[in-house]
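What follows is a pair of complexes built around chain A, which joins chain B in one and chain C in the other.
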Partner chain A sequence: MKAFRYVRPASVAAASELARGGATVKAGGSDLLDRMKERIATPDDVVALNETPADPTLHSIVKDGDVLRVGALVTLAEIAASKEIGALYPALAEASTQAASPQVRHRATLGGNLAQHTRCGYYRLASFPCWKRGDDACPVLADGAVQDEAGIFGNDSCASAHPASLPPVLGAIGARVVIAQGEKLEERPFDALWRAPEQGVEADVALAPGDIIAAVVLPKPATGRTVAYEDVRQKAAFDWALASCAVGVTIVAGKITEASIWLGSVAPTPHRAAAAEKALVGATLSDGAIQKAADAAVADATPLAGNRYKVDLVKVVVRRALLRAAGRDR
Partner chain B sequence: MPRKVTYTVGQAGGPTREISVNVHDLDVDPWGVDAKLRVVGTEVPRLDAAVKASGRAKYTYDMNRPGMAYSRLLRCFHAHAVVTSVDTSAAAKMPGVLGVTTLLDVGGRITFAGKGVVAVCAETEEQLDDALHAIEVAYDVRPGAVTTDDGRAEGAERVDERRDNAVVGRRGRQERGDPDAALAAAAAQVSATFRTQVQTHSALETHGCVVEPTGDGEYTVWASTQGTGSFRGTMARALGIGADKVRVITEHMGGGFGAKLGGVDEWDRAAAFFARDLGRPVKAMLDRRAEHLVAGNRPDSIQEMTLAANAEGEITALVGTTHGTAGNGGGGAGAANTRIYRIPNLRMTQTTVSTFAGRARAFRAPGHPQGIFALDGSVDALAEKMQIDPLAFRLKNDPHPLRQVQWRVGAERIEWERLRREYPGDGTVKRGVGCAAAIWFQRGRGNYVVNLQVARDGSVIVSNAVQDIGTGTRTVLAMLVAEELGLTPERITVRIGDTNFPAGPGSGGSTTAPSIGPAAREAGYHARLALAALLAESWECEPDKIDWSGTTFSGPGGKNSTFDEACKLIGPEGLAVSGQRRPNYKQGFSGETAGCQFAEVEVDTETGVIRVLRIVAVHDAGRIVDPLTARSQVVGGVIQGVSYALHEDRRMDRNLGDMVNPTLDTYRILGIADCPKIDCLLTSIDSGFNNAGMMGLGEPVTVPTAGAVANAVSHALGVRMTELPITPARVLAALGGAR
Partner chain C sequence: MTQRPDGREEGGFSRRTLLKGAGATAAAGALGGAVEALAQDAGPGLPANASGIAGPGPVPMTLRVNGGERKLDVEPRRTLLDALRGDLDLTGAKRVCDRGTCGACTIWLDGEPVYACMVLAIEAVGSEITTIEGLGTPDAPHPVQTAFRKYDALQCGFCTPGFVMSCAWATKTHGAELDDAGVRASTCGNLCRCGTYPHVIAATLEAAASEEGK
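== the complex of A and B ==
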């Protein structure tokens, strides 16, 4: 790891100022430190947001009228254990429980889970070429590459797959992200957080210099709205999902009036299955509609030779998540 | 003069045989199957459990010596390349840098990703890291195959320019009987190609050492090694000094599985040279990526198997070819699968394919997990084709008397008949049950000496250079001595893992316990004889008038003495004796240890995710000294075997020639949440061969696991799984093909 200055900011605003000046923001450090050790990240200054003096915006889960504000520094373990979150959005607590290992969950934070970089093995090893790190082409797209864990959507120039557990659920919840920029706090829609991969741009989130994820706002679910989560992991614990899906559906008088379907581990960023959402609206949550949505979810998939099985997995997790949302056994 | 002893070996209440052996005149009589023992065979918690569990145990990684510097290698991550320039000038001038040595000059050829090119030594790990990143090396990168298929392809670049990549080894051809005629006459036969992956050892503690010059040209080396003696010898040779000048200490080690056999490596030598030149201790431990790349692996295999039987369900022939790569070495791949079942007609050709990848090392039962996977997979397929229950088919074809017992014991425990009847069941989640066989051969070896000291306060120290690879060597030695002295094992202090003590065995081939245990038993016996001699002097009788009940001495006139009372006769300087391991007896129960495992699995047919619910492991290792530590080995072997069956896989990018998953995050290893319930059933026998009737256990316990799991998955799915690891992708592909 390259030598760096470790800065304890006085506040999130101070951290934002430092970040605007080029400092790298650290929360739990479970992602950043790995990249620093490999010298993929070589910051001169690291702002330890997690050492900010107690600030409810950052550190707490606060009920604010109808909404829950979850600070960016709340750990995955705290989310998993939170009664408020468990009552409002059990799917979010469940996804937190599935992530990583108990040790990591006690360190890794909500903000860090959103802002982490792709776990693509090629990206994570400095000796491998990587389009995201500025090389000419993504080596995962070549015949002979290891493609099992690669993406099946939007993979024409970068085949990485964003495997974080929480983003699909937050997407399906319709969460809003609170961004600190200096003294200012601004709420942005969840979709706006993600950026399509670009050559030489490593971050998967669309943050301007000085933007810091300060909190996530969870709205109260509308009447008839349910959120459910499903994933597939090769191992029962301490493993990234091979595919995950969170669905949010509103059912009024038996009819689906609105659906939000997000997939994880299948694209360079959390992937919104818009066609599947569209297939559901106006339908009842019948077996037929569920199957149609599952099929629609993969209609535009572009699997590689080595990861066609992920198409099947996506259909399964979409179907299972919808069945759970409908309160039915699979 | 050796004396002849006739006694019974085998299993109490099971198969036995009487043998007649020559026992060395200094050795104690063998126990035999009917021996009534007080300590051996009871469950004794590992003597070093508390220091290990509390973190007080010091591993090589924990050794931090005053004035210590750090050393590491700059590695090349190309599979095949030639060095065209090396520039270390900037690194050499960096703060804290104490030494820079180029290991590979311009023109030097690299034949695997991970090769060390420059060694650097620095004051701190941070300065070392900075210096390594300041070195510039340029390469002429060349094509190079990293998989067995690519390495044997026409026109593939040669790893060794003097010969083809594909070589049939010295013992690569086996033939007996007339396999062609047997196949032609067979009532049924099955053919399939089985594939297994490259598995890395992935011990928790990586390879490495701390080398400390202690003055007068002598060195103390803390090393994570499976052989303190061989490490000392190779280190001395590297330094160009006598082995008498090097002391190697391995008080505790964090796993080896075969990868830490043999002696010093490139990084150890670099550390030693820096230590010598600087006159300071130097530490060199591998990082995890290097551990995966350069510190050994289990070769993969592609096994084309044809197995045939006659109408009576007797196996008549096995014809097979095996290809596998042991990396850039010229040999070592292969699959052991011809010695379990009666196979009268056989033809097997085993080819090692050199590739531009890190070299294999011995890995827990080399050749066996892969061989048994294919063998027991073929056996199941043939039984299925002949509509015979797979277990009945095995009972018919397995000649080992103890495994005959074990198959039945295991089947009863897992409820084989019921599960075969009820599974796979309906619904999307299927269940299955399967089994496979284990075999091993080690009865121990060598002529090692164990020293034993007794003080007049009754304290006992047992010492030998042997390291404990993790199996519980301390505890086993203490128990054997305690048995002879009428003490509890906790009373015995065992000092091992230090070459200042008499030479001990390397931990290879599951030989540690049977190689050193009999010497400890003899040492305890000699201590008892020495105490009896002191008592005879005190009681004014002949030593042969002193009897030993197992806990007390007794003599003429109703005199008796406990061990502690007898110790009071020892002089202030203490008593010292030794015991030696004598040559193996010519006879025993069986030269092969037997075992078998049964697996019960659950498979989600929609996602392909497999959970192994239960493993029943039935194993023999001769006399089981401590069932607790023995079960711990079984559990470890099963976990490693399930991990091999489902997860572990060195994934190589075939274009870049490097491993894409060289971390513990990306190289999947079975975790605690995935561990099946494991039932260990130890069929303890007296094996003969040595005074304690012990044999080795570490390796056979992982031999059948993957085969049993694969057979269980095949049962659940109704499709034969022929490739490891059995990932969700492979399950879905198999089901897709079956539809």
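== the complex of A and C ==
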């Protein structure tokens, strides 16, 4: 790691000011320290958001009327153990329980999971060129590259895949994200958190300098609405998903009135499968409708020579998630 | 400093913020003005003059390790693992992957298992740190340590301190309720290249069933 100044901010507003001045924001550090050790990240100044004095916005899970506010510094272990989250949003508790290892879950935070950088092996090693880091081309797109874990959507310039497992679930729940900018706290829709890859832009979250993810707001689950999460990994435990899917469906009198389907590990950002959502609305959650949705989810996929298998994996995780949402055996 | 595509300067605070600051010296705590105002006062265990801005040079700090207080001077970039091993001579936690992947450096921070390689020493100030040296001694071993010996739950032994910390956390958390799946889940963040997993599970289950393992 390159030497840096370590700043304990007096508040989230102070951390935002420091970030606007160019300091790098650190939460649990699981992702950032890894990049700093590889010298992908070489900040002169690190502002330790996780050392902010106790602040319910950042650190707590708070019931606020109909919604649940989860602070950005709440750890994955705390989410997994939360009775409220387990009761109201079991898919979120499940994804948190299955993420990484106990050692990681006790440090890694909700905000850090959202702002997690890609695990693309080329991006992560400074010895490779990388379009995302500002080089001319993405080496993953070259013939003979290791493409197993690359994305199958939106991969014309950068074939990275957003690996975190919580974002698809939060998308399917219809979460909103609270962004701190100086003293101001602003709620934004979940879709607005993500940006398409740009050359030389390493973060996948669409945050302006000084924007800090302060919390996530979970709406009250609507009557008849179910959220389910499924993923496929090489190893059952302590592994990133090769493909993940979270679905949220509302069923009224047997008919699907609304569907939200999010995929992980298949695109540079969490990927909303809009065509699959459309295929479901008005249908019953039958085998036929589930198959149609799974097919629609990959209709616009652009797999590489080395990751065509991910097209099938996506169909599998979409089908399994929908079967679970329907209360049927996957 | 080089310009980034977004117009900010590479690294460091912006020119505006720096000019507002009273001093631009990079030595510990020398930044004043705006940045100082944004930082909080010294944390517990830090001398008052350390303020909320530390480094990049060595910073005096006190860590609470295995029930005692240890003073050291390390840079903010020093990981807790390197501080424990290199500065405090607690070499039980092992440095293998140094990327939060193998589990050989597992310690407890406030009673919960973490990878010491993925925590900065400076951010562990104020927390209770427990290493394998604080869990048990050769004369008074922790039940998990006793069971590891009985079940031959190690071969080369390099991963063992990390495993014991994860397994002792599992017995502490679940007590006699701990089952096979629970040990597997609790140790999924530890790797053993010798493949002693079955013996680790057997040892941990026995320790969990004993009174002292809880």
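Criterion: the second predicted complex is superposed on the first by the 330 of 330 C-alpha atoms of A that agree within 3 Å, B and C clash if a C-alpha of one lies under 4 Å from a C-alpha of the other, contacts with A are read in each partner's own complex, and residues count from 1 in each chain.
Keep in mind that, in the parts below, contacts are C-beta pairs under 8 Å (C-beta built on N, C-alpha and C of every residue); 3 or more make two chains touch, one makes a residue touch a chain.
Note that the structure is a prediction, hence the values are computed from the model and not measured.
By the touch criterion defined above, A:G200 lies against chain C but remains apart from chain B after alignment on the C-alpha atoms of chain A.
In the superposition on chain A, A:A237 contacts both chain B and chain C. In the superposition on chain A, A:L313 contacts chain B only, with no contact to chain C. Applying the stated contact rule after C-alpha superposition, one finds that A:Y122 touches chain B and leaves chain C untouched.
In the superposition on chain A, A:D287 makes contact with neither chain B nor chain C. Of the two partner chains, both chain B and chain C are touched by A:M1. Looking at the shared chain after the overlay, A:E187 reaches neither chain B nor chain C.
Looking at the shared chain after the overlay, A:L18 reaches chain C, while chain B stays out of its contact range. In the superposed model, A:V46 makes contact with chain C only, not with chain B. The partner of chain A that touches more of its residues, comparing chain B with chain C, is C. Common to the chain B-facing and chain C-facing surfaces of chain A are residues 1-3, 101, 237-238. Put simply, chain C touches chain A in their complex at residues 4-6, 8-9, 11-14, 16-17, 26, 31, 34-35, 37-40, 43, 52-57, 59, 75-77, 79, 98-100, 103, 106, 109, 112-115, 118-120, 122-123, 166, 169, 184-186, 188-190.
By the touch criterion given at the top, residues 1-3, 39, 101, 119, 121-122, 124-125, 127-129, 139, 142-146, 148, 232-239, 242, 307, 309, 312-313, 316, 330 of chain A touch chain B in their complex.
On the chain B side of its complex with chain A, the touching residues are 77, 126, 129-130, 133, 289, 428, 606-609, 611, 646-647, 651-656, 658, 660-663, 665-666, 668, 670-674, 727-729, 732-733. Note for the complex: chain A touches chain C at residues 1-11, 14-15, 17-18, 20-23, 29-30, 33-34, 36-37, 42-46, 48, 50-53, 77, 100-104, 106-107, 134, 200-201, 209, 237-238.
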